[in-house]
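Some structures to go through are shown next.
In the two assemblies presented below, chain A is common to both, partnered first by chain B and then by chain C.
== the complex of A and B ==
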């Protein structure tokens, strides 16, 4: 291959680093109005009245809207349409949008927001999982779900769990907590809308132009063909821009009312309120193992603090139980999950969506079991690894799997097995897996998940795809694949992406799906185009198509330009299309839509650190990480994604926490919400493992999320190695380490973490018969 | 995004003129030097003014007078941290300047500005909307301290890195008022109050800092913060130690980030006088120094832990000052 596998710079790198990329906030068409949003100062309150008259009288204010102007509810999941762009009946967290102003400048809009008088009937806020499980003092946060403030309860059982525990040699139970945190993208959310000739156009910093398109159609009550959504240059999402957001709907409505462009860029504080970040999750896990360390059964319970709205929460809840089986062969498995509503900004998908929390619990839990049995934790985990081409007990299809090779690489490089044992120095190990795209769409439909069109004209190649490059490099991947097939360089391929008017659909940049799905669509479209170019060239050369060589800007005896002229003369307009629909591999049970993916990536990680007994401070020296990406279409981008994941995982492990005090976000600012700086980042050695997946484009799988997952548990495992104390919740702050050391010195359990898991009224589990383990047999089984 | 409020910007040519402007305008106006702390606070509506009096006329020189040295107030923190003379004679001061915030902010922020930097509290350093939702506090727009509701006073924290070091070095600050100049010991510049934290008159402009090296004096500054950059101190120790062989002839320890003013700890200073600078003695001194520190729950990490960490920063600073080596010390952040 000529360009696939080469460490080429990103196609948009120079525009980004020279400031020429046009972000939504850079756009300022003539007569643009600026929008500010009035937000709730109360975590939980009924709205008695909203008086906007004083705001409307301020010179420069052109429109003021409230929930009465946008009453239709929306939400990312069809089952939880519980949000309003502006709430006029009830507010559910500090920051909930109530009214919006369009004015000639932002200061006037802000002053107008301050002039809006809202009367509230303040209700008791619900600020924790425990409080949400109890009967509410005043009223429930949402009017669905229940009992109390429970949003969703799920219970699934695969195989003979009781029997598995009965055969176990040892059974262990542990409780863990993973604190919530937020995405912290560099670019705040920003959107600008115009309304012309009865059509709305929205430019937005979003990961999901298609889902925004759908939500706008619903709330604005316009057909989708009257709305155009364009993804502006993107300054980072990490899952935080994967929902349709209030400000996106608001600027469209204000543009419709005023006939002028309207822009809204959130403040950093508002980004903390938009949130949709990592759910805080309390977890309980019970596992039985045989004498040889093989798992006989596992029972996993989760409780997710969801915040005030549904968002992706139902999916997040299932994800906290889905992928445990994708690294470890668990013959019998029960999962019970619960999501509660609290009066906080809604949680949603953040890099790893719902899976870093259980991964943290699972990895540490297995390590503790290994120590109970006197086994090497690495060895115990290895004995339980899944094998390629199998079905898991919960029906997930595993194809390529590089777990063993990932472990080999980090073990060899880090010297984990022969590490120096001294107090204050430790090494820790963990593995993980992640999806290469969700196998099912967010709303049920039979259409492809990604489509690519290619046009060739006068030697110029343009590829059209709805995929949104959020910095992960999806544009570069598209250009690389098209270039590879047509014998060109990525720079030769023009891209038109993420525009609902001009590009065919891609569902969006979430669940690590774009390389796999848009990549496969691009391969198909490019191969069709190549076939036309080759056929026309072969005819001219008087040879068989198979004799025509493609590469280095040439097709057979002709330059690419000449070949495109020959092909256009022969076929007319040169266009081709490709699409990708994931295989139907979901299991035969309710809830099986969360977890299946056409392929899974695998990671292994070793963390080396110093932890100080006196201060509790942890200083990470080095991280080794191996990631099975199937095939690196661009190894430079893969390394960037892996390092970025490690960075984000370290932030979560050591300092990031979205916490609240007196109903308010404690520190919605980039100064006080601590995320690591360059100086806090240790050296990272990345190993790319290539297992060449049979269904991925050129064998590629995901790269952007999976490598985050092993970092927090590996870090806690290393802290145990250094000081002999378990920190069973993250972030690992120095005061927690000192408290665990104090307990250890008093002869109490040498641990800091949640004391217990609360009683939760899970329903009786849906019992599911496991599939045949061998993939060929499983495929044959009726699904 | 958060916008700056509208304000008038005045450009006086001398400190005297700036002081006169301040006298005339009263509380409507503030001085601005680097603006690295002021501008974010204006965006958050922590100050309500309609005029800024620019201090960019101030010269930016470090006047090397051997043992005595005057640093112009306009010298940037970057320049101070790199200056050869300061590093040789007053290494603790250069270290403190180099540990303020991040490189871009040190390039703009001045040594005069850092002496005057506002006290901090995470109930106060928030946007107008957040403070409105939380209920306004004593320091701005409210009548209660949200950290210590039963207390009649404000507990915002002195967060200057260079002020405690300037105090430990017995520095003098040079002030220009509308009617003339005067000099004050840096220690006399501060008050133990989160709101009225400066003892200088509001019309007075800081024009320079005079440091005089006592014979055989070594200095060091150790800062505790969560990350290797950006963060304000959550505990810090500035020490200046005069050595006579390996005996401590005199010592001044001043703490940052644990009170509303740079906190002097005379008991520890007294204890060290005449003692040998060995590990056990330094440990004992650190215990004494930590006693008056009173961190509250209004900065990063828990105040219990910060209180315990005061020992560590003092001990490390004393060790560096007495041995000029960092040896096997715990990394407090990536410095």
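== the complex of A and C ==
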């Protein structure tokens, strides 16, 4: 291959390093109005009245809207359409939007918000999982779900769990807590809308133009063909810009009312309240193992603190139970999950969506089991690894799997097995897995998940795709694939992406799906185009198509430009299209839509740290990470995704916390919300492992999320190695380390973590038979 | 979450020299250098992340030294040379730092990149061969959420070695 596998610069690198990339807030068309949003100061209250008359009288105010102007509810999942762009009946968290103003400048808009009078009947807020499980003092937060403030309960059982525990040599139970944290993108959310000829155009900092398009159509009550959504240059998402947001709908409505462009950029404080980040999750896990360390059965319970609305929460809940089986061969598995509503900003997807929390619990739990049995934790985990080309007990299809090689690489490089044993120094180890794209769409449909069109005209190549480059480099991946197939360089390919008017659909940058899905669509489109160019060239050369070589800007005896003229003369306008639909591999049970992916990535990680007995401070010296990406289409970009994931995992493990006091965020600023700086970040050594997946484009799998997952448990494992105390709750703050050391010194369990898991009224589990052993071979034969 | 209250605006004519170009503008005296660069001068390469001086995203150079433009009033920088990311390249030729950031993938979403490039420019101009720890120290006030910082350290080292 000529360009696939090469560490080439990103196609948008020059725009990014010169400041010429245009982000949503950089746009300021003539006559733009500025929008500010009035938000609730109460975590839970009924709205009795909203008086906007004084705001409307302020010179420079052109429009004021409330919930009465946008009454239609929306939400990312079809089952939880529970949000309004502006609430006029009830507010459910501090920051819930109530009214919006469009004015000639931002200060006037802000003053107009202050002039809006809202009367509230303040209700008792529900601020914790425990409180949400109890009967509410005043009223429930949402009018669906239940009992009390429970949003969703799920219970699934695969295989003979009772029998598995009966055959176990040892059974162990543990409880863990993973604190919530937020994405903290450097760019605040921003959106700008115009309205002309009955058509709305929105430029937004979003990860998914298609889902915004759908929500706008529903709430504005306009057909989708009257709405155009364009992804502006993107200043960081990490899952935080995957929901449709109130401000995106509001600026469209205000543009429709005023006939002028309207822009809304959230303040940094508003970004903390917009959230949709990592769910705080309390977890209980019980596992039976045989004498040799093989798992005989596992029972996993989760309780997610969801915040005030549904968001992606139902999916998040299933994800806390889905992927345990994709690293370890668990013959019998029971999962019970619960998401509750609380009066806090809604949680949703953050890098790893619903899986870093159970991964944290699972890795530490297995390590404790190994120590109970006197086995090496690395060896115990290895004995239970899944094998390639298998089905898990919950029907997930594993194709390529580089777990063993990942472990070998980090073990060898870090010297984990021969590490120096002294108090205050430790090394820890963990593995993980993640999806290469969700196998099912957010809303049920039979259409492809990604589509690519290619146009060739006088030697110029343009590829069109709805995928949104959020900085991960998806545009570069598309250009690389098209260039590879057509014998060009990525810089030769023009891209039109993330524009609902001009590009065919892609479901967006979430669930690590773009390289795999848009990549496969691009391969198909480019191969069709290549076939036309080759056929026309072969006719001119008087040879078989198979004799025409493609590469280095040439097709057979002709330059690419000459070949494109020959092909256009032969076929007319040169266009081609490709699409990708994931295989239908979900199991035959309700809830099986969350978890399946056409391929899974694998990671292994070792953390080396010093932990100070006197201060409780943890200082990470180095991290080794190996990631099975299938095939690195651009190793430079893969390394960037792996290193960025490790960084974000380290932030979650050591310092990042989204927590609240009396409904208010404790630290809604970039100084107080601690995240790792240049000085906190250790050296990271990255190993790319290539297993060449049979379904990935050129064998590629995901890289952007999976490598985050092993970092928090590897860090806690290293803290135990250094000080002999378990920190079963992240972030690992000095206070927690010191408290665990104090307990250890008093002869109590040497542990800091949640004492127990609360009683939750899970329903009886849906019992699912494991898949037949030859399932995938049988279906392949049928085709 | 309380918004600001509207107040009468004082304006003053202010002379600025940005990227070697001199301009006089009538500006509200409370408007920050960040806002003036972006809204009045069209220099949107300078980004904003917090507008409280916490994230380093809006870093520009004033007299060659990094300053947070969200905390600076234009009146404070009259008579001093201001450099933004738009002033780094020589014509269409990228500055060695920009070139190295592009080559090594040091810009992912690219939003923090202008501020980091300018802070790095100030560093390599005063310390032509910075160690990795010196680069970390110089850039400690600039947050990046994408890269994990590794590629940025590599790029600054590479650019410094090429410039030296």
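Convention: the second predicted complex is superposed on the first by the 772 of 783 C-alpha atoms of A that agree within 3 Å, B and C clash if a C-alpha of one lies under 4 Å from a C-alpha of the other, contacts with A are read in each partner's own complex, and residues count from 1 in each chain.
The criterion applied here is as follows: a residue touches a chain if its C-beta (ideal position, glycine included) is under 8 Å from a C-beta of that chain, and two chains touch if they have at least 3 such contacts.
Bear in mind that the values here come from a model prediction, so they are computed numbers and not experimental data.
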Next item on the list: Figure out whether A:612 sits in contact with chain B (first) or chain C (second), or with both, or with neither.
Entry: first
Next item on the list: Would you check which partner chain A:655 touches, where first means chain B only, second means chain C only, and both and neither mean what they say?
Entry: first
Item checked: Superposed model, chain A: greater residue contact from chain B or chain C -> C
Check: After lining up the shared chain so the two structures overlap, which partner does A:94 touch, if you call chain B first and chain C second: first, second, both or neither?
Finding: both
Margin query: Tell me the contact category for A:188 with respect to chain B and chain C: first, second, both or neither.
Written below: both
Note to self: With both complexes overlaid on chain A, does A:473 touch chain B (first), chain C (second), both or neither?
What the structure shows: second
Next item on the list: Considering only the touch criterion stated at the top, classify A:444 as touching first (chain B), second (chain C), both, or neither.
Entry: neither
Item checked: Contacts of A:639 with chain B and chain C, given as first, second, both or neither -> second
Note to self: Quick check for you: in the superposed arrangement, does A:23 touch first (chain B), second (chain C), both or neither?
What the structure shows: second
Next item on the list: Determine where on chain A the residues touched by chain B overlap those touched by chain C, and list them.
Entry: 25, 39, 41, 94, 107, 110, 188, 267-269, 669, 671, 677-679
Item checked: Residues of chain A defined as touching chain B within the complex -> 25, 39-42, 94, 106-107, 110, 188, 265, 267-269, 610, 612, 614-617, 619, 655, 662, 664-669, 671-672, 674, 676-680, 733-735, 738
Notebook entry, point to check: Given the complex with chain C, which residues does chain A contribute to the contact?
Noted result: 7, 9-10, 12-23, 25-26, 28, 36, 38-39, 41, 58, 94-95, 107-108, 110-111, 113-114, 183-188, 233-238, 267-269, 470-473, 636-637, 639-640, 643-648, 669-671, 675, 677-679, 681, 683-684
Check: For the complex, which residues does chain B have touching chain A?
Finding: 1-3, 5-6, 102, 122, 125-127, 129-130, 132-134, 226-231, 300-302, 304-305, 308-309, 312, 330-334
Next item on the list: Could you pull out which chain C residues touch chain A in their complex?
Entry: 1-6, 38-39, 43-52, 54-55, 57, 84-86, 88-89, 94, 98-99, 101-105, 107-114, 117, 135-137, 139-153
